[in-house]
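Presented sequentially are two complexes of chain A, the first with chain B as partner and the second with chain C.
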Partner chain A sequence: MKRALPAIWLVVLLTVPWWLQDQYILHVLITTGIFIIAAMSLNLLLGYTGQLSLGHVAFFGIGAYASALTTLGFDVELFGFRVVHQPWPAIIGLFIGMVVAGLSGYVIGRLSFKVRGAYFVIVTISFAEVTRLIALNWVELTQGPLALTNIPPYTLGFPGLGNYTLWSKVAYYYLVLALGLIAYVVISRLVGSRIGRAMIALKENETLATSVGIDVTRYLVLAAVVSAAMAGGAGSLYAHYLKIIDPDIFLFIYTVTMVIMVITGGKGTLAGPIVGGVIFGFLPVVLRPVAAPAVQWILYGALMIVIVFMLPQGIVPALQRSMANWSRSERKGAIAPLTDSAKPGEGQ
Partner chain B sequence: MPARGVSGEVVLSVSHVEVHFGGLVALSDLDFKVFEGEIVGLIGPNGAGKTTAFNVFTGFLKPAAGEVRYRDTLLNGLKPHEIAALGLVRTFQRTSIFERNTVFENVLTGLHRRGRSSLWDTLLALPREKAAEAELADEAREILRVVGLDRRAADMAGTLPYGEQRLLGMALALAAKPSMLLLDEPVSGMNASESAKVMKLVQTIRASGVTILLVEHDMPMVMQVSDRIVVLNYGRIIAEGAPALIQKHPDVIRAYLGEGKKRA
Partner chain C sequence: MDQFLQHLLNAVMLGGTYALLGIGLTLIFGIMRVVNFAHGELYAFGAYTVYLVAAALGLNFFLGLVAAVIAGALLGALIEVVLLRPMRGADIDTVMLMMIGAWIVMQNTELLVWGGVAKAIVTPFPDAPLVIGPVSISWLRVFVLAAALLLIVASYVLIHRTKLGKAMRATFQDADTAALMGVNIKGIFTVTFAIGSALAAAAGALLGPVFLVTPTMGDLASLKAFAIVILGGLGNITGATIGGFILAFVEEIGAGYISSGYRDAMGFLIIIVVLLFKPTGLFARAERVG
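What follows is the complex of A and B.
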């Protein structure tokens, strides 16, 4: 049953557009999926290396802007030179968005990992704010508060079948699902390997890790690059799905949303950001018919406090513990009669 | 002078090392050598500078002056992980393990540098990755067998009794494949039978060709396992020689009994 569960989930997820008629719910599923990818990327940094990046939205936004600008093209003056870029296909934008975000992750990783703890948090918040201000004020490139609009959808080329442009929600749903699965597999392979053990070792006991020959900076920077590239990919999906982005994409609230998804779901677990993402992605939908918007935010916050207070490790670790306890008690129940029968003389 | 039965090749060379913490002189003109295959005891009263010396040798602390060489490599300026990669590996005075991982995972983590798979092998789950992981798992099982923790492999490290946690700390260091091992008070807090087990393990490790520098307060143990002893007091070497000589050395007796000399 345990082994069949992922396959059952996959079938359910693959068939969603067949049985789900409500386009609004499908839209929520797509945006939730995009934020789950971003939360999974944050989890790699926060959950596995123990570094709290409160500027993670910067990588999301950089990916979104880089992808959109690659696709739309631009003509700007930079240090006295005109830089002109003709529009490229949107799918290349996705790739460029991930690369630019990954490179930003590298630079910030190299700079930030000189400092740890609260100082690292401050550096990441500052980085996100700087990127927001650039997006807001470099109007020639980003249109500033007027936003980048008419961002075209992705076009996928299939050998022998021609090109397919993702105009519909259903197409985006499958794209987000596919990229989400790839992100999940990449993270699970990383954390289950020698590289992941090194990352976890740094979180658990950095001094001990270095004493056995683990290069702290290398693995922290690697985690930052992979994490940033993934967040950049999520940002690109967001931009090409909504077809419009403005500097508000860098708002702190988006980072907070990702952190909440990771913490409540269970940081350092593969399923944590998914569970947290589904809960907090769908909460507004569930609350909408029963509560006014202001009340929704209060309930949203209250639920988060309750979860963190009751399950400090998060939902997934709590479920794992319950399952382990249940299977242990099941085993005891199965063994007890055998033990009794093995001692026929007793109790008679 | 190397102890009898060991090669004359210098493994660790410490030359005129000085460490100051503000006005406090933690190490002063520390100068000694360790030869291939030796077990050298580094002893001294509390605060003598033993752990500070370990921190300098393994790159956790920069000396104000002097040089430390491991074989032909100057260690000054190298990072701890670079020094560990050379084969100079340490354990810690306080129990140092990855508490929230299993015993087996701890040793696998210690084997990090032995892994041969690349990032792409991992991401693409290539056969090389599986083969490398299987090899590491075999090595981890062997190390656990050597330290006597094979039955504990699946247990969470933090749930082990104190003595076994100390043994796991040694297993982690062994996993890093040292050619020289710096053991910082390996039997502190252990009962007699646990200490005996560690002493036997130390000798087994040496027999496998690893040179050992041992900091320990358990004098019977140090005297029994060491080929040679270096005695520190207030950051200076006050005596160096065979255990039998050190036991009778007047300066050592004074340092331990607190007679005569006063702090400068």
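What follows is the complex of A and C.
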């Protein structure tokens, strides 16, 4: 049963567009999926290396803008030189978005990891706010508050089959699902590897990790680059799906959304961001008919406080614990120690 | 030159209230090790309290200011007792997340109660500005600076000349030892948070009439307060005071000579530069409060 669970989930997710008629719900699924990818990337930093980056939306936004600008082209004057870029296909924008976000992750990571704790948090917020203000004020490149509009959808080229442009929601749903699965596999491979163990070691005790020869800064920067590139990819998906982006994409509240998803689901678990993401992605759907946006946000905030109070580890670890207890009593006294290898619902 | 003098004067006027924000946060951050994301919401709360008393109820403006400070202190004490006291000993990130939750709740409550439209507070000061040679300044801003300086001096006296201040400084240095010496740590934490919140509310109450009052006014205030605290060094009141004036000055110069759009970016650039090159702040002594 436990082994079949991931396969069942996959079948359910794959068949969604067949039995789901409601276009609004499909739209929510797509945006939720995009934010889950972003939350998974944040989890790599927050959950596995233990660094609370509150500037994560910067990478999401940089990926979105880089991808959109690659696709739309631009013509700006920079230090007296005129830089002109002709429009490229949108799918190249996705890669450029990821590369640019990854590079920013490298630079910002290099600089920010000089400090820790509260100072790290504040530096990362500062970087995100500076990026937002640049997007808002560099009108020649970004159109500022007028937003970049008419961002074309991706076109996938299949050898021998011709091109396919993703005009429909269903097509985007499958793209987000596919990229989400790739992101999931990449992260689970990474954290299960030597690199992942090094990251967890430095989260647990940085001094000790250093003393056994782990190059802390190197692993932190590596995590930041992978995480930023993934968030950038999510940003690109967001831009090409919505076809419009403005500097509000950099708002702190989006970082907070990602953080709530990770914390609620359970930081440092593979399933955590997905569980948290589904909850906070669909909460607005449930609340929309009954509560004004301000009330919804009040409930989010209150929920965040309650979860930090009651379930500081998040939902997934709590479920794992109760399921472990359940299976223990099931086997009538057989000892089932709760270790990291016993993670129900995650698949091995 | 005249333009520069005008910028300088504007910076001094703004710097006083920035210093209040910074002192409030540096006390909370320094003594309680709480990264208080709700600090800016206390600032907004102060501004809305003045609006409530002076504009909505039509009472005296100065009464509104006093009410804002008292209400800020009470709300701060409430937050400390309800949210922070049970979380003592939890790690700094957990408490930070909780304060982010509190920030979201408070901001959206303001949005719900007052609506998203910016409110203007009318003051009893004359509209005609005070002109000194080439520069001019509104009477309201003169009053704001005077009131801010008064509160800054009051905080100094409180921290350095009273028994409570002595207990606060002792708690900052070593909470356990202070507790052994008979300091009521729980009480000190509540009082610290209340004082910090009152100062933030005072800053909001003073700047609210100068600018406009909106539900999101607290966002930048929180981040600016962090910039000031980082500039001045943790728990350093003198540092926070000077840091407030420096931030105001850099913002004015940045807005005046570079681009007004990047005004708010200055604070963040300060944070990045200071933390990367001198993480202990510009006025670091041995870590101590005062």
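Here is the rule we use: the second predicted complex is superposed on the first by the 332 of 348 C-alpha atoms of A that agree within 3 Å, B and C clash if a C-alpha of one lies under 4 Å from a C-alpha of the other, contacts with A are read in each partner's own complex, and residues count from 1 in each chain.
One rule holds for everything that comes next: contacts are C-beta pairs under 8 Å (C-beta built on N, C-alpha and C of every residue); 3 or more make two chains touch, one makes a residue touch a chain.
Treat the numbers as computed from the prediction; the structure is a model and nothing was measured.
In the superposition on chain A, no contact is made by A:Val83 with either chain B or chain C. After overlaying the two complexes on the shared chain, residue contacts for A:Lys114 are found with chain C alone; chain B is out of touch. When both complexes are overlaid on chain A, the residue A:Val123 reaches chain C alone and has no touch with chain B. Touch counts on chain A: comparing chain C and chain B, the chain ahead is C.
By the touch criterion defined above, A:Leu133 reaches chain C but does not reach chain B.
In the superposition on chain A, contact of A:Ile25 is made with neither chain B nor chain C.
By the touch criterion defined above, A:Met323 reaches neither chain B nor chain C. Of the two partner chains, chain C is the only one that A:Val295 touches; chain B does not reach it. Shared-chain residue A:Glu204: touches chain B; no touch with chain C.
Chain A uses no single residue to touch chain B in one structure and chain C in the other. Of all residues in chain A, only 52, 111, 114-115, 117-119, 121-123, 125-127, 129-130, 133-134, 136-137, 252, 256, 259, 263, 292, 294-295, 297-298, 300-305, 308-309, 312 touch chain C in the complex they form. Across the complex, chain B is touched by residues 186, 189-190, 193-195, 197-198, 200-201, 204-205, 207-216, 222 of chain A.
Against chain A, in their complex, chain C makes its touches with residues 29, 35, 83, 86-87, 90, 92-94, 96-98, 100-109, 111-112, 219, 223, 226-227, 230, 259, 261-262, 264-265, 267-269, 271-272, 275-276, 279. Contacts from chain B toward chain A in the complex involve residues 58, 60, 79-81, 84-85, 89-90, 92, 96-101, 105, 108-110, 112-113, 115, 117, 119, 122-123, 125, 129, 132-133, 136, 172-173, 175-176.
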